[in-house]
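Report on one structure; see the data block that follows.
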Amino acid sequence: MILKDVLGALRDIGKGMAVVQRAPRKGVATKLYPYELPELPPVSCQSLALITEADGSDRCISCLLCEKACPSQVIVIERKRNPDGKGFVLERFDIDLVNCMYCAACVEACPVSAIVTIGDFELSTYDLQTLKADKEFLDAQGRRAKQWYSPKHGVEYRDEHGSIVRAPLAEQPGGEAARLEAKAEEGKP
Amino acid sequence: MSETTLDDQVRKLALGVETVYHAQSPAAYRRLGERLYGAGYDFPQCLSGVDMEYGLRAVVNLRRLRDQAEVTLWLDVAYEAPQVPTLCDLWGGLEWHEREAYDLVGLHFSGHPDHRRILLEDDWTIHPLQRRYDTGGYLIPEWRPKPWPEAADSDQAPVEAAEAVTPKEAETGPSELSQLKSLSAAFAAKLQAQGITSLKALAELSDEALAPLATAIGLKSAAAVAKWREQARQLREGA
Amino acid sequence: MVPQDRPALRSIPIPKDRRYQPRHVGYSALKRFTVRELLSYGLLFFALAALLVTIYSLLPWLIKQVPAFVVGGELSGWGQVVYGVLAAILGFTVVAVAALILILMLRKYLALVQNRYGPLHYGPAGAFQTVADAIKLLVKEDFTPGKADRLVFTLAPLIVFVSALLLLTVIPFAPGWVLADTSVGLLIIIAAGTIGAYGVLLAGWSSDNKFGLLGGLRATAQLISYEIPLALSLLTVAVWVGSLNLSAIVEAQRMWWTALPLVISLLVYLIASLAEIKMVPFDLPEAESELVAGFNTEYSGMRFGFFFVAEFGELFLLPAIAVTLFFGGYHQPLAGWWDFAEVLRGWGGFGEFLANLYGLFWFLLKTALLSWLVMWLRATLPRFRDDQLMELCWKVLIPLSLVGLVVAVVLRLVFK
Amino acid sequence: MTMLRPTELAPVPGAQEMLVNLGPQHPATHGVLKVVLGIDGERVTRAVPHIGFLHRNHEKIEESRTYHQVIPYLDRMDYVSGLQNELPFCLAVEELAGIEVPERAKYLRTALFELNRIISHLVWIGTYMLDLGAITPFLYAFRDREAALDIVERTTGGRMLPNYFTFGGVRRDINPRFWQELTGFVDYLEGVLPEYEALTVEAPVFRARTVGIGVLPPAMAINHGISGPMLRASGVAHDLRKDQPYDAYPWLDFEVITRREGDSWARSKLRCQELYQSIDLIRQCARKAPRTGPYLGKGRLKIEAGRQRYRAVEASRGQLGVYLYSDGGPGPYRSKHRSPSFTNLQVLPDLFVGQRFSDVIAILGSMDIVLGEVDR
């Protein structure tokens, strides 16, 4: 009886040891971060950016919706009347990236897909003050970004000429790509 | 679609099972608590303090595991006398919830064995969830308490309604069908609505009747009904 | 609700040089620790260990080559002093290097079975990581808690370390390569282990820390209890062989290892030595999830380093003793049937040296395999509870070791 | 976060006591829980838990936010399974405002909910084994959790704080390969789970440490409001997925898992069984979920003044509920979160006193608390 228990225990320990010894076959799970950069999806929500068109003009129309939608109230926008025509011109667009929660509420609120979230891990800094992002920084982030997602336009990316291209339907979030294609076919005529 | 409407029905049933008792005085609150404990509400879910701007409110959510009935009990007290009788001798699970309500909202639970702050420091001076303080914890200068609502004072009826809660009456719902392990209260009620009121009736269902019944109560396949039927048969054989 | 008054954001340009840029340095060692590397580093470490052990073991012979220290064939007074100092320094080096190698091996092995890289950045595939750690420990602040007993606090790690060092003196690494070829070698092993328990207890008590005290008490109870089955299982070897001299014990195992008749004692010895090393599943004295770090909670710098080196030195020394007593020591397997060392010895003086190196190779290989078994267990098992530990010792291991003793006596009466 | 009262410092008769602070910075308390332990030798004579070191007062912040703005804060409560926190709030608001949820969104929410249960239980396996002294299962669990987090990230944009569920469904559509990735992951995990079991619940040393330790009687568990795996391991078949079904659970086929023993080992084994159950539920979701259709229901987010609702879901640690009171404004007048860890932690002194010091760790780990949720 005791012998049976002891042998059972030894067998179970042996099973555990066998599991441990087989583990190296699964390969290394570690990602050596600055040397191996992760493949981030377009919806990835690591940092914020403002998108400018290929000709340098802002997408932002200064409607202040993102400022109102922000739960932690980190967006500060100042605008003035456009002297040439109707609408507004941005004077200031600041985001306090220290207090930002990266919840993408501003992205959901934006009617023109001007503010987007991007997959950018490289925001580490020695000085917190540098994380109070101004418009220049956010525009630079937008120019650096390879791909991004917004509810209005879906997944977009910047091609080699700097102009913004909408990703093919198969890569867009949404059920099967076929469904989206069928929908697009309907919309054309 | 039957699938989407099903959840609505479940929701309405769940809402319908829940009863709200509005205690008019601390003594009535305590008495109601004891009545509900006697009526088999064994599972304490939550105790919340709410600042109603005319006074403070303690809200208790209870559940009866036997038939999953839910009940809500609340008591309004004035800012000047926020004493609420404790219920944590009945439900031990409310002890920390009462301490939290004291800590954050400022309700005082008389009879609580360990009446201290729980989340904030001992020497904290304010109860931050009161509406007179802003998010930073500072007093809002223009804040004024609202007058005590008249209607709530005059209405004494709910106490008698709660007195009527007895274990027997509470069991009029799924009753015998509640012996089935995998059957929720909502589905038991749906089965009853379809005329399946006893284990016998469920056990004697024919295979042909399964699919229409499943459609009628909003299930996609007849498998779940068949499983209930199997359980009912086993229970009857065991008995 | 008043709206939250938020100070205006400072609109300052971001200096480009303050932005973090990953440094893509030349990085050749970005690869897994493979079997090939394991072998090559094993050979490297073997060469290092063999060099040190050879010098250490040849020390008595070397010191007698200096005429000033020899009086009538024996060492003079000054000669003995110089010999003692040199032996201590070399012994420290051997234990420290063994510990450093074993720490690196343990970390690499754990990393391998845990799907990670392990040390990677210092030296090829992280080979110099433990050296860097040792340097870090040396230059760290040597902190003593205010209410600690300073003398005992300083002394305790030294006691632990010296007890590990004592074990080294009696182990024969090759024929004749033993520092103290004494006829009471087994007794020294038992005595050294008992002294180590004092060091751990004093360390836990003197550091004026509750976790330290708990860990020290646990360690004392554990070490003293496990001394008994350890000593009893060592005794069976003495009964079987008929000698307390380790060289004689090794020579007796030329053909058949002691492990074959004394398998029960071997099992007891292996389990008890796990407890002596304080390795999982018996690492209660320093259970980091319960006692933070146990008896060495308050230790830092090189004092902690002494504990660390002693622990991993024992991870080398206790398997080494097991090899000496049970697995034929420096003999190759079945040496009584055909021995390559004899072939080497036939070449004359230098051949004898080569034969000794050959013996050292087998000794270190067997020790490494036993150490690897300990590491494997460490990678697999959680730790026991203190009372289960005691039950295992007093209710299982001690009766078992007594059975082993009886078996040894009966076998000796029958076969010899 | 309170001082010890004089009565708590009074000596226990017949005991030579030493007070030990277990936490707030201690490797085994999984965060900033502090337990003042009185130990007589290795025997625990008293245990006084202190919480609140991680208190952020979410509930006060939520009073000044709109309903949509509240959701990101909810992720921060139980940061190990972030998505689960959003569901009770969404359900309560949907019920009060009368917002319909499309069928496809229900299946999506259910699948992600169960995926978060897997993530949470994997973290639990790892950290619990770390408490018991084994490092290897911890790294295996985190290795496999990465794959699950990747799926969450490719769908929601966040790994642990996703902000994905919303009133009437989910915030955005899934990525095109969501269901394939999900089924691929659970297929892989099903192959790996026996390895976990061999290293944990079936390992002899693990059994020696946990069997018969910290037994929680069912009557006491119910009276103290214990929920989740702790309650079911004590033999009470209470599971809100079955008893008060929400989202797609009425359409899924599963049994409530219970165990009789009520000790640390039963709680561990039950979580392992729940991992298999979650795998099965995800497969059912992948099979039954419609591939096309809206992911967000229509409805006006307007709740009348004076409406209140308590709504709870079965999260990985137990009953995760929210009490919502509306004054008709754009945000919650009061939302109280009933977190399972907070309620489960109350039985800590009852389970600790009389046990050995090592068992304290084995019991605390098997309770599976997250301090972000306890302190809120």
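The chains carry the letters A, B, C and D, assigned in the order they are written, with residues numbered from 1 in each.
What we mean here is this: a residue touches a chain if its C-beta (ideal position, glycine included) is under 8 Å from a C-beta of that chain, and two chains touch if they have at least 3 such contacts.
The shown structure was predicted, so the numbers you read here are calculated from the model rather than taken from an experiment.
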Which chains touch each other through the most C-beta pairs?
B-D
In terms of Cα-based centroids, which chain occupies the most central position?
D
Quick check: how many Å separate the C-alpha centres of chain B and chain D?
21
Between chain C and chain D, the Cα-mean centres are separated in Å by 43
Separation of the C-alpha centres, chain A versus chain B, in whole Å, is 41
Averaged-CA centre spacing for the pair chain D and chain A, given as whole angstrom
27
Considering chain C alone, which of its residues make contact with at least two other chains?
1, 4, 113-116, 379-381
Where in chain B do residues touch at least two different other chains?
131, 135
Scan chain D for residues touching two or more other chains and write them down.
63-64, 136, 139-140, 143, 199, 203, 205
Across the complex, what residues on chain C touch chain A?
4, 6, 8-15, 18-24, 27, 30, 32, 112-117, 120, 376-377, 379-381
Chain D residues within the chain C interface of the complex:
18, 20, 26-28, 39, 42, 63-64, 129-136, 139-140, 143, 199, 203, 205-206, 208-209, 356-362
Under the definition above, what is the set of chain B residues touching chain D in their complex?
1, 3-4, 6-8, 10-11, 14-15, 18, 42-46, 48-51, 59, 61, 65, 68, 70, 72, 91-97, 100, 104, 116-122, 128-129, 131, 135, 181-182, 184-187, 218-220, 223-224, 227
If you look only at chain D, which of its residues touch chain B in the complex?
1-3, 5, 51-52, 55, 57, 59-61, 63-64, 95, 100-103, 106, 220, 222-226, 236-238, 242-247, 250-251, 253, 255-256, 288, 308, 310, 312, 319, 321, 323, 325, 333-334, 336, 338, 342-343, 345-346, 375-376
Okay, in this complex, where on chain A does chain C touch?
13, 16-17, 19-21, 23-24, 26-30, 32, 34-35, 73, 76, 92, 94, 96, 122-127, 129-130, 132-134, 136-137
